[in-house]
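Got some structures for you, see below.
Same chain, two partners: chain A is paired with chain B first, then with chain C.
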Partner chain A sequence: MMKKRILVATIAALAATGAQAADMNKVLRVAFNVPETGFDPAKVSDTYSGAILENVFDPLVTYDYLARPAKVIPNTTVALPTVSADGKVYTFKLKPGIYFAPDAAFKGQKRELTAADYAYSIKRHLDPTINSPWSFLVDGRFAGVDALVKAAGKGALNYDTQVEGIRVLDKYTLQLTLNEGNYNFLQILAMPAFGAVAREAIEAYASNTNAKPVGTGPYTLKEWKPGNKIILEANPNFRKLVINGQTLPKVGRVEVSIIEEEQPLWLAFVNQQLDISGIPQAALQEALVIDPKNPLNVKLQDKYAKQGIQLERKKDLEITYQFFNMQDPVVGGDAKEKIALRRAIAMAFPRNETIAAIRRGQAVPVHYVIPEGVAGHNPAFKGAVKYDPAAANALLDRFGYKVGADGLRTQPDGKPLSIEMATGTSGIDKQWNEYWQKAFDSLKIRLTFKYGKWNELNKANRQNKLQMWGLAWGADYPDGENFMQLLYGKNAGDANSANFKNAEYDRLFEASLQLPDGAERNKLYDAMNKIVVAQQPWIFGDTRIRSSLAHRYVKNFKLHPLLNTTWRYIDLQK
Partner chain B sequence: MTSQTTLLADDASCPASRSLWQLGWQRLRRDRIGLTALWVVLAFVLLALAGWLGLAGSHWRDEVAKPNMPPALFKDYGPATVELTAADIDAAQQHNTSIADASAATGMSAEDDPLAADMAAAQTQAANAAPLAVTPANDSLLVLGSDSRGRDVLQKVIQGTATSLLVGLSGALLAILIGTLLGALSGYFGRRTDDLLMWFYSVFTSVPDMLLLLAFSAVMSRGIDTVIMVMALTSWTGTYRLMRAEFMKHKGREYVQAADAIGASHRSRMFRHILPNVTHLLLVQFSLLTVALIKYEAILSFLGFGVGISQTSWGAMLAEAPAELLQGYWWQMAAVTLFMSLLVTAFSMLTDSLRDALDPKVK
Partner chain C sequence: MLAYILRRLWQMVPTLFGVMLLLFILFNWVGGDPSYILAGKSFSAETLANIRHQLGLDKSLPEQFLIFVQQVLTLDFGTSWSTQQPVADILGSRIGPSLTLALPMLLVSLLLSVIIAAIVAYVRGSLTDRLVTLICTLAMSVSALVYIIAGQYWLAHKLGWFPILGWSDSLATNLWLYVPLPLLLGLVVSLAPDIRFYRSCFVEEMNHDYVRTARAKGLSEQVIMLKHVMRNALIPVVTSLMMSLPYLFLGALLLERFFGIPGMGNEVLNAVDRSDFPVIKAITIYVALATMLFNLLADIVYKLIDPRVQLK
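Take a look at the complex of A and B:
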């Protein structure tokens, strides 16, 4: 027995070539609770697809896995870029000898990664025919590119035109020139959306680029059953990457199942059909001992601790909020009685009750547009209104929202008052809706629900058709700008889902862009937050603290605040 | 019945003639299982009536107990989890706040907020007014326990019975109406009318039932009325085929020809002459449909397409079950399962007995 195993090991060692370190016999099994949408970096923006992109494509720079707070380090470049004195010109030197994963599109040739690939990948986000969800990050940022986009009109971008902003100096040198300095530029480039694609591959699979990702990252897409299963295999051409003496990636195969319902997801983890998993909300109390005095103080239940299950926790860099459509004739507008209506609704919502009952204490209330852990956060600012339904009713009375004969309030002009909230159809949505219903009942305001799938509601909102909806925003990069832009007037109908347009806010936001992180910028952020609190386009929600579990045999298990996945670092020793 | 006997007493040689319905009732009364099932169904209808009239289950939305309390009989068999409350979260925040910003509490000053004066006035007004009557969550035991919001599961299940039966009965009635009307037209007139209606029928049956249900409920808004409409619109097809065949068969019979001879109109022949002769089939069809629709409603609500937040039904309650079971709260599902299986079984048995009783060929 023993002998045989040694023999197999020797053969395996002989068969392994090049920098390939991954053990193809090791299979990491994980699950997503939301279906992915596709794997073209310029076409998708959801976290789940992003998690796959992160492993298939290589951005220029990335984050150090171990350093906290998150630190940008070179990825495919020799070093961090040299930046000109005015902060506008970034020059990247690529490492030679990085190859794309073998693919039919390369006709049997080994295809090296070059600066032109990055230029092409960045330009794709500007292509009108692609309609990238990330265009807000690149639109108007690069020198001379606007003319190129304009020339394209509604057609495809001419990728061969040389532009000043995105220049390939030689095979390994890329120079990016910005119109204005941007303190977050490297963090933006570290996002999976800015990984390098090969033009041949994109053109070869033009009809369905979402299904054929070809990159230089540690894994390649082996099999994809949309909404069901994603299988990744180690990229045989992956460059030699050594961290702390360990060559990456360790695991040869990653199997991602899509399990939308909480109960089967949890059972799959408990039965070791999954190696790593988050804890679904319904299972939180089953899995954790939560201290009622301080709900964030948790430990694993004994039965799981005994099995050697590892618990990792992180406070997400996110905020949740319920927004009002500020252009809506009923709930929008900046007249005093409109503000009073929004304020009253915010005051009637029992936020702490939902944190206790739905989040099981695994969340903290939001008081500032920028969450903790993101540059610009102010822990002393208390922006959320106090839960006080009695005062909320008194406020509505003061502004002429009279209670009619049917026991419901009317608008000050006597018209009937009815508010529609958009919502999904899952069990969790229903729990939230019960609290909203209760809040509106206590105000004697009629509430109806508009049910729909997330993408449908998102479309309706872009067309300005919703009145209220709840959203979450997670940091793309850990800077306050990424959050404050959620209410910037020019982003209305896009990232600014509340359609909030306030001249003073916009002026302050534009001023804040010119400043680095620091006391001066924080002062502007405080002033902007005060406008948000006063105008109440949002009802602040909470920031979740996520618990992830891994079985005993999973090694190197550590969550990163910004990277979606850490699969390449993980080892399995069963 | 006695008056009839006296009426016919003149002709002693002829035994009292009984209608199909009377014969059916007689046969049903002899069927012990059928009769029991009938009583169970009647009891449920009474319960549902009480629910509709607000005599029972009308306070199902009140939070009367602690969340997730096990039923009284099984009070020691619930999971030993501690439920967090809003007060815990408040306290934890107070604690964290005092650590975080002992130095400088930045908040809004009066000039930042256009509503500052009104807010202050509203708060004083609210503070001066009598505090809202807050019923404290009590420890009293409930027969069927409480759900995640501390609502009485018994009240919920009664209200659920009312909704489910309302949906089942009125959905079935509406489906029968549509099916009978179209079936009658199709079978009686034949030719072009039949072709057209058959084509219409084929379109409906070519789409899988569940898909059709979901499609209809996706376009229409929420509420019991929508669910009923959706059910009726998707389940009339069976009745239509049956009625079409019956009308085809009957329209050539002598009694219909006789009616034609004395100048009865089409409408009169269809609904005064033929229809009464096929209603016993409709009764069976009706109870079959009711059972099916009660189950469909449960599926729809389970998938999140059923009744809204301010209403409850068995399906809506079952939709809460997976998350509850994961935490060991089994009683809501047990209660619904018990009620639902009892009614559905009783209804199915009653249907069986009705078919036996009303089929003239079975003696």
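Take a look at the complex of A and C:
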């Protein structure tokens, strides 16, 4: 709260000097630790590309930079949309006078943003020739659009066909009609992937839309060296955006370096070659004083605090989990002995040790399918099993998993018991594997690892060939539905990696979709979590806590739970 | 000579075909399916089928191989599956930074290692020779990663003699600002094994009868070393040099990653990681071609160094 007040006060104080346009002499230098893939909102889904999209394109709505919990506010619209009584029809009124960044595709003309641009941009996610990684968020959602998609077959969508679900009422009015009411719809539309593109720009650069993003956002792509450097410059056509008296953006140029190794990333920040940076795992002890009794209690090391370096922390809106393939004959199924096996494995895994050793204490255990900070989370619900290898062994004994002559357990029917866990090949994967091996050894169960790249393991999982695998799910939008759907039966083989199918869970999930965020829906979520605890399709993992640093001269530095970047709000006063 | 060159060029065709076949089999066996990366975190079977269709992965393997053959014949590998950028543009933008670092590194390393190797071979058995051999052995036993991490930490961070990392569009800026530290560390890594190897070559030559005969004829040590020993010892040096030239195109992976150099090394790693077959194909084919061409060049240089060498 105090930080927020200081930030607002700072913004107000700066505002007293008068609103100003972006200063092209101010260069913000930041880094990604994973390479981006491109900048077409309908073609990329990685976080890092999304961070650039956020600055180049404008979705209809966005998040308030300062409000916590995250709050959707109008972005290019004059107000939040009007919504029909049945929650199906959303009508958006765009602000006139918003222009795309200058581009050759516009042939020297200033190009105004219209409702048709949003209609086109949303339809692109449904175009079979684009294969948008976000199509799952819009598929089957808009009235009458399915027929349009079906008519396209494997070809391009006919964008000129008017459909009931996505209608342009006039130049500035867009009406979206949903098949079913959806309480998360605005949050979905706030995602960078739903920023407006201009059809003529997309068509002009059809062969390489990833390299030619043209939007109405505060920045425009000046230079892109894939996997090495991304340079953004303030969009000269950017509308007058005044927040707390300040005209945004403040910084004229943003230089993003891709630095995949931890040491150069950290040293580049310390040596002021970067203005803002996350703290790599290897540098946590160097940067922070971590209270050994409570590792979440941290402060900057004195030498950095004295330099005026600012520390911001946020709990990711994510969960990690190890799933069991519920269709697998050894670890899956509803039978009591199968549940006991899954429960015993969960009880033998030293989660707190992995948080201390691998996460360096910078994570909290997951107890609920929905993480903290996401609507529907219940902090009082403790769903994770307690670490207790002795009780786990007793459980296995009780359900007939006998220890054979070779010192390893067999299945209750006497068949050998061997479990294969999918894993990557990185150094961090090896660390995790050591703990899993230790857990399985303590249970006297043979464990083997199936190594592979993420895409290969994903393929194997969709082909029902995996028994166990660890995954993470980050919030696409801050609503419990985005997490609870991970175990919805109809999503089995897709987002529901565990292939979990439980009629009661599905019934509750479908009922929850009819409710807004609130006590009534939370009751359903609690009931669903109880099913998850009882059936144990997952072993709950952890939620990571990120620490970010900024140098003294970086002003308005504040992390947002959902926005990947806040560059437009940042000022530099060296 | 011309007939020899033509014959060798002709022999490259089946070799290249073998490389293509091997690469194709390996990629289809263990390369990973890129459609699962492109589809995102939640997708339908139709989306997956569409992606596979667009990438040509739904075609039969012989058809896919034929497309590969066409690509090699035209040297047009299409666009990257992961970023959609033309492969030619990707490689074109990567090769410059890789060569800016690797070429000076190779030349300076060659020059220094040959000179030092010749000197210690000349004074073989002396304290200097033993000291250099000991230092080289110790230096070789340390991982390249240690040099890079320690060098960057001390020379750039602690002493501030160099920037931590960076790259510019200006060749001059790169050569005087960003290349020196990775170059220095690259030299530290490569010098020790090169000196050891070249020293052995020189010592072996100096033990031959013709050196004793030259001495008996009263030739000076300088003439013996530079005119006789050097010429013969250079043949393995040329072999080693020619063998390493194709790898210039692959860049120095670790140095590029640690010093933010947008070279080929990182591109190779990313392409493999993302199952980006067009990029992998292009890089493999170019490196295979370069290897064969530099091998041919090495044979020609043997002939120039020592006219007694017969090219058959």
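Just so it is clear, the second predicted complex is superposed on the first by the 549 of 574 C-alpha atoms of A that agree within 3 Å, B and C clash if a C-alpha of one lies under 4 Å from a C-alpha of the other, contacts with A are read in each partner's own complex, and residues count from 1 in each chain.
Keep in mind that, in the parts below, a contact is a pair of C-beta atoms (placed from the backbone, for glycine too) under 8 Å apart; a residue touches a chain by one contact, two chains touch by 3 or more.
Small disclaimer: the values here were computed from a predicted structure and weren't measured.
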Exercise. For A:Ser426, is the partner it touches chain B (first), chain C (second), both, or none of the two (neither)?
Worked result: first
Problem set entry | First (chain B), second (chain C), both or neither touched by A:Trp538 | neither
Exercise. After superposition on the shared chain, which partner residues are touched by A:Lys459: those of chain B (first), chain C (second), both, or neither?
Worked result: second
Exercise. After superposition on the shared chain, which partner residues are touched by A:Phe381: those of chain B (first), chain C (second), both, or neither?
Worked result: first
For this session: May I ask you to decide whether A:Pro350 touches chain B, chain C, both, or neither, giving the answer as first, second, both or neither?
Result: first
Exercise. Who does A:Gln263 touch here: chain B (first), chain C (second), both, or neither?
Worked result: both
For this session: For A:Trp567, decide between first (touching chain B), second (touching chain C), both and neither.
Result: neither
For this session: Check whether A:Thr209 is in contact with chain B, with chain C, with both or with neither, and answer first, second, both or neither.
Result: second
Seminar exercise, completed: Winner on chain A touched-residue count between chain B and chain C: chain B
Problem set entry | Doubly contacted chain A residues - partners chain C and chain B | 261, 263
For this session: Spell out the part of chain B that touches chain A in their complex, as residue ranges.
Result: 67, 81-86, 88-93, 95-97, 100-101, 103-108, 112-115, 118-119, 121-123, 125-127, 129, 131-132, 148-149, 221-222, 303-305, 308-310, 319-320, 322-328
Exercise. Contact residues on chain A for chain B in the complex?
Worked result: 261-263, 266, 280-283, 285-286, 290, 292-296, 336, 339-340, 343, 350, 352-353, 355-357, 360-361, 364-365, 378-383, 388-395, 397-399, 424-427, 429-431, 433-434, 437, 448-449, 451, 526, 530, 533-534
Exercise. Inside the complex, what are the residues of chain C that reach chain A?
Worked result: 32-34, 36-44, 46-47, 50-51, 53-54, 79, 82-86, 90, 93, 149, 152-153, 156-157, 160, 163-167, 257-260, 262, 266-267, 270, 273, 275
Problem set entry | Footprint of chain C on chain A - complex, ascending | 35, 37-38, 43, 45, 128-129, 131-136, 139, 154, 207-211, 225-229, 257-261, 263-264, 267-268, 270-271, 273, 452-456, 458-459, 462, 473, 491, 494-495
